[in-house]
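As structure tokens, here come the structures.
Here come two complexes built around chain A, the first alongside chain B, the second alongside chain C.
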Partner chain A sequence: MATLTIPKTQSVYTHEELVDEKIIKWYFAAALTFLTTSMLAGLLVSLQLIRHNPFAGIELFSPGRWRMVHTNAVAYGFLANGFLGCLHWAIPRLTLQPVLDRRLSWFIFAAWQAVVGATAAGILLGEAQGLEWGETPVWVDPVAQLGLMLVALNFGTPIARMKGPMYVTLWYFMAAFIWTPLTYAMGNFIPEYFVSGTSAGAVGGLFIHDLVGLFVTPLGWGLMYYFVPILIKKPIWSHGLSLVGFWGLAFFYPLQGIHHFLYTPIPMFLQYGAVVSTIAVELVVTTVIINFFGSIWGNWSIVRTNLPVRYFYTGMVFYFLTCLQCSFQVTLTFQKIIHFSDWVVGHAHMVMFGVFSMWIMGMMIYLFPRLLKREWASQSLLEWHFWLSTVGLAVMAGDLILLGLFQGWSWAALEPWDASTEFSVPFWAIRAIAGLAMFGGLIALITNIFKTLKAASANA
Partner chain B sequence: MNRSGAWTITIVFGVIILIPSLLGFAMKFGELITLTKNVSDSGGFAITPVVNYLLASLGFFCLLMWAALNGMFRDLEQPKYNMLENERELDRNV
Partner chain C sequence: MFESKSGIFYIAGIGFFVLAFVSNALVPWLMYNDIPEKTVAELINPNLRYQFEDLARRYPEAFEAAYGKPPGGDAEHDVWWNEKCGDALRVGHKIYVGEGCWHCHSQFIRPVSNEEQRWGPVSRSAEYQNELQRPVLFGTRRVGPDLCREGGRRSNDWHAVHFFKPDSLSQESPMPEYPWFFDGSADKPNAKGLAIMTYVQWLGSWQESYPYYEAYVQSALPKPESVEADAEAAEGEEDAAEEGMAEDAEPAVETPAGDAAPADDMPASDTPAAEAAPAAETPAAEGAAPAEATPTEAPK
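Moving on to the complex of A and B:
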């Protein structure tokens, strides 16, 4: 690799002309606001489960509604806002082209916050749509759909204008911009207006599955392929292998939605198809993991010294664990025990918090000092944030996964339902405590941001 | 790891992934054809998502072919060096 001739692809733009730093700060502020809301909602629901709901009997605080606020605020308010902020950094710098229009960026920002806010308000007032992960009230759906299409236009333009072979990150982003609006339309409009019964169930399964795999996953991995090489100052181990991962996702992922609905009236034929292609995707996932561990091999000390890299690789370890879990979950044998149990809730937190939130946190911790032109005010608060989040999540996920097995075995033994809710209470108490730790981590981060801001303005 | 090593790994993984999945796919597709022939409800039901999938994949297949014909994969490892070089350029004045 000694003689490298790098063709000069010099940018005609400077960083300031390419990147709208202000909007990134606003996206991060919005993301953290919704994460706070979501975690408080999660804590409220976890208190209900251990029968200590402080707001029992108040309709507006009904745990059923706050559970939907919890999941919607985290997906559309935290993950989407966090990703959009990072994309405003990564896409112009990768393509060396600015976004289509900065005013459009701000319009999208405002519209998206209105969408998430209206969703939360609508759910709390009892207007939720009866679709899992599509609880966004029906009158918000068209606005959200339009917003997603504008995002694709605003970010798709610089990618389309770019010349020469594309880096793997841009493949992932381009696909995500096509997939996300399509997935959203499929999940929110088809079962509501066009099909019903088992067919609607199958579409719903595909929707929740694609939301994770065709929106969150490509953006998450795309950003990792961008930020990891920059931080470890080494290119990705094999770009060719990374493209295998991308095309593997494109071809194998869309057929698997029904793996969420094994043992339902959906024809067994389709259920087996979903199982087979899920196992194919596990192999694809392994290539991605190997690539990232190949990149950092021999350089492990950086995980100790560089906090964003530590977040990224911790997320990847959790990613590997969740995918390993998937390959068991997807078998009919396992489904018999774990379906409807807390195993699934443990799995959901491990992937959404352990992987994607960890990555977003890592990117924020790298980007905030650059955006604020100032080092972090407190290293120890950063460490508290990392360890409270990681240990809290590990305890929560382990606790719920174990509990799921106990619940499944209890139901399989035909013990009365009440017995399972009875022995679950201590496990649910541990989850509430673990959740408090994770929330404490978030508070440490937010305190640190305010401290840094204050130091910055004092110096300005 | 040199380039040929990376290539070997890529090809080995490509084969490990492609052979079982293509076999599984061909088998299941055969089953689908027999199923739809006995004009049962479940045959008709099954064909919707599968045809959906094939159409979506056809789009991706065209994209893959277009990318290959336009030299996107000619110098497979080059983009990763360009990316880091661009970053250095952009951060020169920071």
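Moving on to the complex of A and C:
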């Protein structure tokens, strides 16, 4: 396939020239590999908590290290790879312009897998950096930074070359390509090399927050604005609400970093600011949800018949729940009790798995047949994947959120610490079982992919 | 503007990001800019030195293998100890980060939820202005207790046994075991073990009220299972109370009871022992707080 770098005034590109299907498949394969790794890591940690760690006492299986592998493999290995795969489909088709250079795409792909692999290896060897979600060892940071900048360049070019009005999706993408490298640079370099202490905490809070809000969220929503209208064959309900959603997110979201460190020595007026803007963004989010539910209104049966749409809207329901939960938990009243507890872990899984993973899975389920030119081998395995993931997640999140309340109350009542770990054990056991169900769902999906592949090659 | 490339690029992409950075990060940065950042050498204080030298006394072979022998002359002697102590702190910090201890233990006391009583004085900004808080280790999750006032609360050999096998001191502890901090047994910590213990003993060693023992008011409500489980213990203490030793056995309602008297070990308030306790308002701390909890008498 020729590499096209000369901009053409009128798009005459065919789908093959626009979309590099092969790289999408590779991105998805990488994403699923890292998701498997991450889930196994999560299971290991959950077994440690219920004191059934099969590898206790082995340095390379140190649960603390695997916890960091768990979150990093999910963020950089699964979510990032999954999104990049989907972007290789959505951006060229939406802008009718190919990416800057296909060789660059492949270079980025390889570099990114090296970054994630090195991160995991570094963490397992005890080289983590002391920054939540930025545990990437310091010697990997510059490479990851470069990779993110190249991604912005590679995908920014078709957006820049495109003529005519920009569709909502591209607002989100464009902003995300600017925000992500900035966020990464801020979080990984400033608290390590420039400031220490409380101010470093403020930067660290902003980093964790922006990573979710300015990297994962805009890519996720951008893709939803792209795929949902195509699949339900109706335009987005209200352009005005789309505008409110985007600009509200862009303005309020970054202002909230400090809400991760309430009641720390960070100045109180800044904490109040973060709390207020968090509540503001919940209102904005509600408008986005209304917009999407308005789009599908009157057409609900499609959720039953069209599987990707079902994933997307299930994710949106979880999104609404997460944000609702968030507007409670961000208040200082709730913070007293739930901060530091499993409530937050429940929240994290609900948004990372319930929303963004569900969306990525939905997109994969839509794209795989198109990439492999073959229907899914098994519909029932797809159903299994959906239900195991959804029910598993709902149980896990509900269980942990409830447990968080109990822990918080126990601590505030000054019960001995061990009492709180003791009564957590049954809840942690339920979490491990729910995790096992989610993992079972993933296995169903992967089996299905292999079956489909086999059928595809038998057919060819 | 709201849908144009330049509007999104400059206003949303760059403008809002910078605005947030200025308000959320630059403001505290400038506010605390005048607190000088301490180097590791400046962090060493007599409390910490005491613990570090205690490690040398308790584990002479391991210590010598890791740090060598102190030189003879008094002046050099002091410099040597401080230097080695600094090295231990740095390595200990690296282990604390690398093992992900900070994902199970926070390092800050909030002014709410009775945390002051459980762990000690509320955290202040200046405490974090040092090289070992790069990036800051506030933490966001507590599977185990906060550690920023941990220094001096437990003896080094308690920590050694605990790191080797946490559940030998704290029944059913979900904390992982760390045998790779040791050469085979809990009384043989290696360089890593000595370093992480130094680090843990450093936490809070700069405080005036040091070491800090839990000083919490016991909940008036007995836990059903603790009443049952403690039936025997309570009986014993009942006897003690009858023999006129109530001061030692009484539940320290309203008093700092030290970490010798967590709720589980105390007779619940509706047992006879509680009623027999005359000195409900007196400080029980002197009698109750063992500075050196040895592994066997660990109050868990």
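The working rule: the second predicted complex is superposed on the first by the 449 of 460 C-alpha atoms of A that agree within 3 Å, B and C clash if a C-alpha of one lies under 4 Å from a C-alpha of the other, contacts with A are read in each partner's own complex, and residues count from 1 in each chain.
Quick note on the criterion: contacts are C-beta pairs under 8 Å (C-beta built on N, C-alpha and C of every residue); 3 or more make two chains touch, one makes a residue touch a chain.
None of these values were measured; they are calculated from a predicted model.
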(message) After the overlay on chain A, what do you see for chain B versus chain C, clash or fit?
(response) clash
(message) Is A:P191 touching anything from chain B or chain C once the two structures are fitted on A? First, second, both or neither.
(response) second
(request) Could you look at A:F292 and tell me whether it touches chain B, chain C, both or neither (first, second, both, neither)? (result) neither
(request) Identify the partner contact of A:R67: answer first if only chain B is touched, second if only chain C is, both if each is, neither if none is. (result) second
(message) Let me test your reading of the model: by the given contact rule, A:V284 touches which partner, first (chain B), second (chain C), both or neither?
(response) first
(request) Would you mind checking which one, chain B or chain C, touches more residues on chain A? (result) C
(message) In the overlaid three-chain picture, which partner chain does A:F34 touch, first (chain B) or second (chain C), both, or neither?
(response) neither
(message) Between chain B and chain C, whom does A:H15 touch in the aligned arrangement: first, second, both, or neither?
(response) first
(message) After the superposition on A, what does A:Q129 contact: first (chain B), second (chain C), both or neither?
(response) second
(message) Under the stated touch criterion, which partner chain does A:I236 make contact with: chain B (first), chain C (second), both, or neither?
(response) first
(message) Going by the contact rule set out at the top, does A:A413 touch chain B (first), chain C (second), both, or neither?
(response) second
(request) Check each of 9-17, 27-35, 63-71 or 81-89 in chain B against chain C and return the one that clashes. (result) 63-71
(message) Per the definitions at the top, what is the overlap between the chain A residues touching chain B and those touching chain C?
(response) 165-166, 198-199, 202, 206, 243, 247, 250-251, 254-255, 258, 267, 270, 273
(message) Looking at the complex, which residues from chain A come into contact with chain C?
(response) 48-51, 53, 56-57, 59, 62-65, 67-68, 126-132, 134, 159-160, 165-166, 171, 174-175, 178-179, 182-183, 186, 190-192, 195-206, 210, 214, 243, 246-247, 250-251, 254-258, 260-261, 263-267, 270, 273-274, 335-337, 339-341, 344-345, 408, 411-419, 421-422, 425, 428
(message) Touching residues of chain C toward chain A in the complex: what are they?
(response) 2-5, 8-9, 11-14, 16-17, 19-21, 23-25, 27-29, 31-33, 35, 37, 94-95, 97-104, 106, 108, 110-114, 117-118, 123-125, 127-131, 133-145, 167, 170-174, 176-180, 216-219, 223, 262-264, 300
(request) Give every residue of chain B touching chain A within the complex, in rising order. (result) 1-3, 6-7, 9-10, 13-14, 16-17, 20-21, 24-25, 28, 31-32, 35, 42, 45-46, 48-50, 53, 56-57, 60, 64, 71-87, 89-91, 93-94
(message) Under the stated contact criterion, what part of chain A meets chain B in this complex?
(response) 1, 4, 6-7, 9-11, 14-15, 18, 93-94, 96, 164-169, 198-199, 202, 206, 226, 229-230, 233, 235-241, 243-244, 247-248, 250-252, 254-255, 258, 267, 269-270, 272-273, 276-277, 280, 283-284, 286-287, 290, 294, 370
